[in-house]
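What follows is a set of notes on a single structure, which appears directly below.
The letters A, B and C name the chains in turn, as written, and every chain counts its residues from 1.
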Amino acid sequence: MDATLSRPAPVSKKGGGAGKRRPLVSARVLPYLLSLPALLTCIGILIPFITAVIYSLERYNLAFPQARRFVWFGNFIHLFSSAGFWHTVYVSLAYTVLTVGVELLLGLGIALLLWRRSLLTNLLSVLLILPLMVAPAIAALMWKLMTNANFGVLSYLVNAVGIHDFRWGASPSTALFTVVLVDVWVYTPFIAILLLAGLRGLPRQPFEAAELDGVPASFVFFRILLPMLLPYLLTASLFRMLDSIQQFDIIYAMTQGGPGDTLLVFQVQSYLQAFTFTDIGRASAILMVLWVITYALTTVFMKNWTRLRERAHGHA
Amino acid sequence: MQSPAFRVVRALLLLLIGIFFLFPIVWVLLMSFMTNVDILRSPPSPFFVPTLRNYVALISGHLSTSSGEVQIDYMHNLLNSVILSTCSVIVSLILGVPAAYAFARFKFRGGEDMAFTLLSFRFAPPLLVLLPLLGYFQAIGLYDTYFGLIWVYQLITLPLVLWITRGYFEDVSEDLELAYRLDGHSWLSTFFRISIPLARPGIAAAGLLSFIFAWNNFIFALILGSSSVQPVTVGALAFITASGIEYGQIAAALVLSVIPTLILAIFTQRYLVEGLSLGAIKG
Amino acid sequence: MSDKISDLFGAFLAGRVGRRELLARASQLGLGAAAATTFLNRTQSQALAASSYDWKAQSGQSIKLLMNKHPYTDALLKNIDAFKSLTGINVTYDVFPEDVYFDKVTAALSSRSSSYDLFMSGAYQTWQYGPAGWLVDLNKFIHDTSETSGDYDWDGILPNLRSATAWSGKPGDALGGPGAKQWALPWAWELNSIAYNKRILDAAHMEPPKNLPDLIEMAAKISKDVPGVYGIGARGSRSWATIHAGYLSAYTNYGAKDFDTSGGKLVPTMNSKQAKDFTRLWVEMLQKGGPKNWTTYTWYEVANDLGGGTSAMVYDADSAAFFQEKGTKEAGNIHYHAFTPNPDAHQPTPNVWIWSLAMSAFSKHQQAAWKLMQWATSTQQLTLGATKADLIDPTRQVVWDNQDFKTRMNGYPGYLEQFAASSPGAKIYFTPQPLFFNVTTSWAAALQKIYSKQVSVDDGLDQLAHDITAQLENAGITD
């Protein structure tokens, strides 16, 4: 990636040649000094990563050590030629789009509602983080109980309002809805808190000016607020996207990927391959595909992020 | 100004949101005071005789199940969670905030690539690296150590700290820093006295979120440690036994596990609110 | 300990005094029942130590166990101090919840870690772990008199269980057949039959089911007529566990098999006529009289519903029902019933699960680990677990014949009768092969699709057999 093109350059943009005036001798070294420790700390993860890449090119089932051998792209060819794999791609993407989409809208709505400071909104903004504090693995366990047909309070309530025979995670037609619901419950606060912090950091001037000028609310929202908030929206959705496409805890605890193959997303599929079927080669191949998809999505994201950020700064 | 109708709608929406997000929490809180017989009642009912037995069992470490007295170690798990999450966030802040500042303020060769690489550590699903990592951890003695887990947790917390605070640094005007520098202060003192305080809401939000994500991690701790370093996420599952799921204890465990994070959130909230006034300075 | 008490315990161990009498006389001597058990245990350990076998040979060594959170584990750990003083071996342990237990085992073994010396396993797991080279073939210890105490009585363990934990590693070879390696020691087991809520059945004026068609009719009627209660609980989650419990037990009873090995090849037969006819009945049972969220049902949901009084019957492990006997709403109403699903069959054919102890090939203290394994599966320890803790499915016939155990289990109506009727036909009915988990997971997914009416029984099972053939070919184990 070309560093000079892909970076917004606040330094030069502020005008006045601020960069030139910087009197620091170590100006060239300083950024490296600041950022390299972080990189060096994490770089070690590349070693197991490379090991995993090699696994993905092997026929490697722990239960048949004698059959282990290098098969180049055999695992990938097998994957791409199986119908189940494309279903996995589809479900994972559908899950990601649905969760990120709903959570963004809902999170933005919540942040806007909490924007104005009051005792109530301050209290709510803390309480709303509660779902996020419950580990998804345990949250899913609780949701499974709450949606149990006999003992579950949600099943009871749904039944009480006249929707009978709603089977939550147990029916192919409602399983996706159910896990998306749990994901929305757990992670919307993540987006809301980021956007709220962003909102509260925005300058007041443009809004005051708009109000004085009698600018319509929709214009203020779409033309002033949203562009200014865009960097936060992007950060929030990027991280949610990365987590969503790699979702495991909620789906596995609620349905184990079922019913049938309905919710067999990448991580559930590869978890089964690795831990239940001890097929390390296949599991690694599936995860490599996931890695590539994630990489590609993020790259697209970053390109737009750069463009949008520049535009956002232009508006501010 | 807001019309009364708008206020009513707004209050109504807040109420709906409150119910959706808090009802399950309230229900879990109720469950933590129920016996399993009360929880496994059909139809479910919010009326029951409250008991402290779940909490007593967790805190005292003695659990009497249907199959006799069992030792549990939940408080130890809780302590592990506090140690792991706190250390992970501190390390991430020390490493991540200066790096975020560098990426936000300076245009330097390879900078953007480094930022992207740091983010890309989150692309790799934990499962992918888990089994090889276990082998290496055992070889170099990091298996079952706080140090090892805190290092692995950096993969979760560091990108989050980095990318969130970077956004804030970019939005904080550079002019204030320059003015302070022109006043004859060193770069270091500018960084600590001006830049960091200005980005405090961002740092607080990032710190809180990465604390939560570290706290909620499950799979790394499960595979890379034995019971001596394991956090609450693994500990709470110990109430799933062959003789039945002790939902009451899980609920109580969940309530206990939320308390430290909640305290932190309340503490951090002050900074989030302060962010409002700082934002005004900037504009 | 006073001499009188010592003599008394000595007499008990020599068989001169019965257990009942022992407890009665001990109480005359001022010993409570709990204390008597402790003394007894100590004396037993002393008795073991008194034989010529050297229990102290590995004194000073330290071993670590990896255990599943289970009442059987609790029973073992409760008594671990007795083992420590008998052998001088130090024991530490990690206990993990069942949900993640095997993940931990797989991870630890695959990394060739020496941190755990022995662990709990099921028989199916050894079909992966054994061929992978992670387990020690225990034959080398069992038949070595210098390693194994003379009174261990290996042959006293139920023969079906001994063979179920032994396998040659060649796909399709019979369990316990020629060249079989003993991958694990059977410790406790469970067999699948019917447990029912007597209160609900009585209220509906029903007798326990005679066979599967009868069961289906009863379950459907209960689901329809009794508010808040459904007829029959069975596992249904997308997991191997769904297949191995009630489903395979009844499947076998209807004459269906998982694979045909007659031609020297593994040929999936989940789509045979018997299999299809039976699966039709099974799915009908669940649709008409099963739990509403069947496809998410694991051991826990099945058991909870019985204990919570929302299911009238369950077709699952006898111990799953037993653990609902305490601290639940329906405690005391649960009865046990041997079940022969096929009207034309002569006896029940329960598939079994065996909690067994296996030794890691990477253990650096194998002899010490073996000491613990033989101690834990000894007649004394199993008796103690069965009478004083919840190890209620012991693997030795002598414990089932123990009068105290019988007296205790008589408090659970039908338990012993159920066992006596089911036990002769109880064994593992799966064909051993290392893709066990792939096959059974796909199988469970297929049942879910059939249940949800995404496919017909015929298409679903044909597709399954086709899919499994492909998986076997891919792994290179079709012959």
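Here is the rule we go by: a residue touches a chain if its C-beta (ideal position, glycine included) is under 8 Å from a C-beta of that chain, and two chains touch if they have at least 3 such contacts.
Small disclaimer: the values here were computed from a predicted structure and weren't measured.
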Task: Arrangement of touching chains [line / ring / star / complete / other] - done: complete
- [ ] Look at the interfaces A-B and A-C and say which one is made up of more C-beta pairs in contact.
- [x] A-B
Open item on the list: Centroid from C-alpha atoms only, then distance chain A to chain C, rounded to Å. What do you get?
Closed with: 42
- [ ] Take the average of all CA coordinates in chain A, do the same for chain B, and state the distance between these two points in whole angstrom.
- [x] 16
TODO: Hunt down the residues of chain A that sit against at least two other chains at once, touch-wise.
DONE: 150-151, 280
TODO: Provide the list of chain B residues touching at least two other chains, using ranges where the numbers run on.
DONE: 40-43, 131, 135, 237, 240, 245
- [ ] Scan chain C for residues touching two or more other chains and write them down.
- [x] 103, 107, 110, 228, 304, 308, 310
TODO: Show which residues of chain C lie in contact with chain B when the two form their complex.
DONE: 68-72, 74, 78, 94-100, 103-104, 107, 110-113, 115, 228, 299-300, 303-304, 307-310, 319, 323-329, 389-390
Task: List of chain C residues in touch with chain A within their complex - done: 102-103, 106-107, 110, 127-129, 131-133, 228, 237-240, 291-296, 301, 304-305, 308, 310, 434-435, 437-438, 441, 444-446, 448-449, 451-452, 454, 474-477
TODO: Under the touch definition given earlier, write down the residues of chain A that touch chain C in their complex.
DONE: 61-65, 67, 78, 144, 147-151, 165, 167-172, 254-261, 272, 275-278, 280
Open item on the list: Considering only the defined contacts, which chain A positions touch chain B in the complex?
Closed with: 1, 3-4, 6-12, 14, 18-19, 21, 23-24, 27-28, 30-32, 34-39, 41-42, 44-45, 47-49, 51-52, 55, 109-110, 113, 117, 120-122, 124-139, 141-143, 145-146, 150-153, 156, 185, 188-190, 193-194, 196-198, 200-206, 231-232, 235, 238-239, 242, 246, 248-249, 266-267, 270-271, 274, 280, 283-284, 287-288, 290-291, 294-295, 298, 302, 309, 316
TODO: Could you pull out which chain B residues touch chain A in their complex?
DONE: 10, 13-14, 17-18, 20-22, 24-25, 27-28, 39-44, 91, 95-96, 98-99, 101-125, 127-129, 131-133, 135-136, 151, 154-155, 158, 160, 162-164, 167-168, 170-171, 174-175, 178, 181, 187, 201-202, 204-205, 208-209, 212, 215-216, 218-219, 232-233, 236-237, 240, 245, 247, 250-251, 253-254, 257-258, 261-262, 265-266, 269, 272-273, 275-276, 278-280, 282-283
